[in-house]
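Can you read through this structure? Questions will come right after.
Order of writing sets the labels: A, B, C, D, E and F. Residues in every chain begin at 1.
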């Protein structure tokens, strides 16, 4: 059994979520996504055309870029991408995960030969920045898709599955949902899960930094993560509804 | 004589300004500065110590970094600083200007051996991003200075002169204040001016892209720019007052 | 039900493994690891001292570098790390995984303030290069640890848990073990698992490129992967025994 | 009132100028420009065609590159452009200024779709390297234009306005013309002005490093700078006449 | 007169050579070449087409890349090409030499518009890595050429001259053949020679690090080097014969 | 037998040499060296101290940097060192040669722990730029050594051997001295030789681009090159004498 967490939550409760759209005026989808002390500015940009390796196949592409604001953390770090040796490994790993996850949400044939780039700029980092980027990035993506739909450029079914992401971890052998930075730092196991609103798994990444996890522990973590997706989806759906985006219509269910 | 401008302003009117503080929680000063269609997120970070070339002189340093969000413009551009050949020339030129301007606002001896870095991230670009960075950056800087003052680390006079910046230009031979993107693009002369609240000039940069300006034209542009600084200063002062920062106290006048 | 695979294997059979040690004479551990058409040259190098962030804590560090030979694939690619924009994202993601996995195998306190770097150079790539790097890299690591042990520099228990890695995937809804390149390319789900000889999970990374996986599918894949670890461990143990390395002794069990 | 300056000049006197043409044999214009202790090798190269963003508009382009010789200063510095992180900010800022200034000298339509690159290599640096680059660079540019004229490729009017540049500054509140390095280092205000032979302003850049300048101070500096341009122009014209280049003909006035 | 060398050889004896083909399965030619303590993995890759500067002339191209494995030496070095400032000078100098040498072996017209890239990865370095790369690289190149011949893509005479390379040096004024690392480090003169099986010189590079060499010393070194080529050629020919490559046929002599 | 060469020389004649000192005022040695159509600006800079790998051994170091002016050739090339992927291979190879050659001229113990950097900037390139850099660079080096001598910082013998360099080549089977660009481009063999005034060889680099050279051809080329060194040395000595540098004194022979 576990005492209350630092911020008063119990083990299976998400941090408070706030979603603000339209901070930026240029992107086709713009979302300021906050969960607890983590804030990510997600913007979706639509460009006609795809990269060379996809050209001529009639398929679209979704990709992501992730960047840490130099002062997203308690002390200032050098600006992402301005170090001499290219983008750092952690950034690359994260933005590849976000891109893969968001691609799984759409039907590339129905998107057609266009590219949607989802920029995820972390303004405040307190754990879970990659899962917040996926969850917030999905909202920006849906806004962009709905814009295309309203202009008659894509049809129903372009959205294949709404999805969200959350982190879980083992701390003192207790499975915890939605780790903040200090919990993440101390966790024996850290696992990120991306899943659809209906509980199917798009991506799972778990690392036992310290001590391997038993199979039952892995299963418990996966269950805890999948179980939180519907709550995240409700928040996404509500934010999208406020700006007139109906997910059901994008899915071809309405 | 000049017809009304695209957005209905007359030649000598600033675009509407909006200033929101505290969007980020980590920086010592955080400001979302908007003027018309331009939005800049300014954050001031305090670090103890200074760069090597200043060490041991008992003086502080203020520097700035400027970055364009990839979707600050109508079409997405590659992410600042991730191109293969380093930071581009325009970015470097702008961030050097912002840094020089903000350094002129403070008394380095009274700051002591610490560095304040002002990050200016342009979220939406519609002309005047460098002057908005100076004007918004000053607010973030003042918040950071006031934090140091409240902790007893700096005394009155650490702020030497409040300052703001504005662009002016010649379009069809008419001097215009605070150009938006399309005006800036078409202007015969583009001039940026950084000045103190009392009208002294900190930096002036004017370029005749097309046709050289006569001396009277230059003088008229400088007058138009300097004349707008008090209005900008009033907006800065009001925003700072809302978060309990009294400029007079930082100046040592209260 | 599934027809026989391209190379005649059934769904739950590993590709043939061959392990040759000592190809290089300088590294403290040198292994040429082949599984099917994939060949990885793994070399473990011991350096006294650790990186700055670990100094003074009495702990060691294990890290990995992964590089693709330019002609590891059917057509030549540009040489890893000589592109203008730094190491590519896939390489970074993979070498971070290998490093994390191998760190989990050792007790950093018992290693002491020294660094073991495991270089994994893929000479032929036919799927499963990252799991082959972990499995082969473990052998090189154990050789290096045993060298330290023989010189009296580390004691029993420096090895915490022998581990190996394998890929699994869903192809036409059938879970397959140890995918070759063409299977990997066509798989609906691709999952890599790193686990200890006793079946505890060190890292799990699963991606549904195409269609999300149901929870039972995820569970089946994890089981298939964990089930193959003992066979890999037997091969590792045999190869190590040939060069006089007794895993039990490194574990402190002999 | 001001005592005599270090080199015996009074406040309003330029340093001695020497202009040598033809040091390099390949460039269409080659000038070794010295003013006091500053020496710049300026070379103008003509290439047919323009960059992508200008193609098809029938307009030419003038651009500049600025580089500091590693031993242009009292102690050797690392070679420009060979540092790991690209060209440094000061270099970029300066070469952008030179390019803008020289573009203002020509009529792009009359130049036609060709590019003139003016390389400015500082061989000795004693203050005023950017203004020397503009003044010397103009001579190289005029030589290149005259070569095109003699080959019948451009007509009269391709040169719109001869121009030169000079630095001015405030030192102990006295406006000084054409600062050497130590004066520049100690100046309260440093202002560079590019102007036509007839006194119209092409570019003005003034920075108050230390203490803002009053409006009358700014005006006095601008007047001092503009007043020196005719002397510079006489030197340019004389050097060009020696190699048979008649500016009046390029201007279409002869 | 000279005492026996560290490894028991006399002054005019090569180190033992071992040649293994087929370690990699993808390259058109794959050779693991060892001489003494130096091991180089050479792989030849054929690509249709040539670089821009050769296109349309009906000629082929041979080029080389040289890379040092991070643990080819007694202590680990950072991985080739991952330093921030590009490929280092020594690497570039060496791979340019290897490429030039191997190009001299073939008739570019008979190769036709295709490119053969010979990758030379040094796995263990004990002196003579560049000459081993040429000698081993030639074998890989011949394997690739023979593959093209068997597919009817190139005819006899595509190989113009078989060649090999060796280092010689002056140590305590005695000419030595095939220096190992410690000899190379201490040598007064270090000279590399690439020559054909019939004794014509393709490349000679000699450096007197310490004390200039007299003309008779230079002549003696060249003679010693050229004299060793036939032995190297015999080893090359035998290795090629084992995999069914007949050099005479490639030369058009059979 | 050979007809007269393009510029009227016979096969064994050097191009006209001109040597101007003092173009730059800051370097300890400054030489503008011309031979035929090739012009190199050589500057020698003295810094106290040596690189890490030499520290504490009481030895000095001589190094070189070579750079091609963007307009040293008939068409403008991109500026050396500003390409994205670091310094190019040819540049690196050349500057390593120059540095090695000039190091051979001095006695590192007598130089003491200081570094002399010889910058070689090619202003016009018409063949032989690397040998001109060595020959001209030697003059700049001797000027710098003499300055140290006059300040009492180094004694006689700091110069071990005056040296110069020249290119030779085989064109239509005729050995030619001091190739210009077109001859170099068409030569079957290109060989550079660095030798002392007394005919000992410091460096020899010969490449048969097209057709291997026979041993007698190699010997003839070496003889032709060595034979030209005294003429080059006379020119060096005369130029040095004009600025009061007596080589005999640096050698300890006067």
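To be clear about the criterion, a residue touches a chain if its C-beta (ideal position, glycine included) is under 8 Å from a C-beta of that chain, and two chains touch if they have at least 3 such contacts.
The structure displayed is predicted, hence computed values, not measured ones.
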**Request:** Averaging each chain's C-alpha atoms to get its centre, pick out the one most distant from subunit A.
**Result:** F
**Message:** Taking only the C-alpha atoms, how many degrees of rotation bring subunit B onto subunit C, rounded to the nearest 5?
**Reply:** 120
**Request:** Go through D-F and E-F and name the pair with more C-beta contacts between its chains.
**Result:** E-F
**Item:** Distance from subunit C to subunit A - Cα centre to Cα centre, in angstrom
**Value:** 28
**Request:** Please compute the C-alpha centroid of subunit B, do the same for subunit E, then give the distance between them in whole Å.
**Result:** 61
**Asked** Roughly how far is subunit B from subunit F, going centre to centre by Cα mean, in whole Å?
**Response** 52
**Message:** If I count partner chains per residue in subunit F, which residues reach a count of at least 2?
**Reply:** 82, 84-85, 87
**Prompt:** For the complex, which residues does subunit D have touching subunit F?
**Reply:** 23-27, 37, 39, 41, 43, 45, 47, 65, 67, 69-76, 79-82, 87, 117, 119, 121, 123-124
**Item:** Parts of subunit A lying in touch with subunit C, wherever the complex brings them together
**Value:** 85-90, 92-93, 95-96, 100, 103-104, 161, 163, 191, 195-196, 199-210, 212-215, 218-219, 222, 226
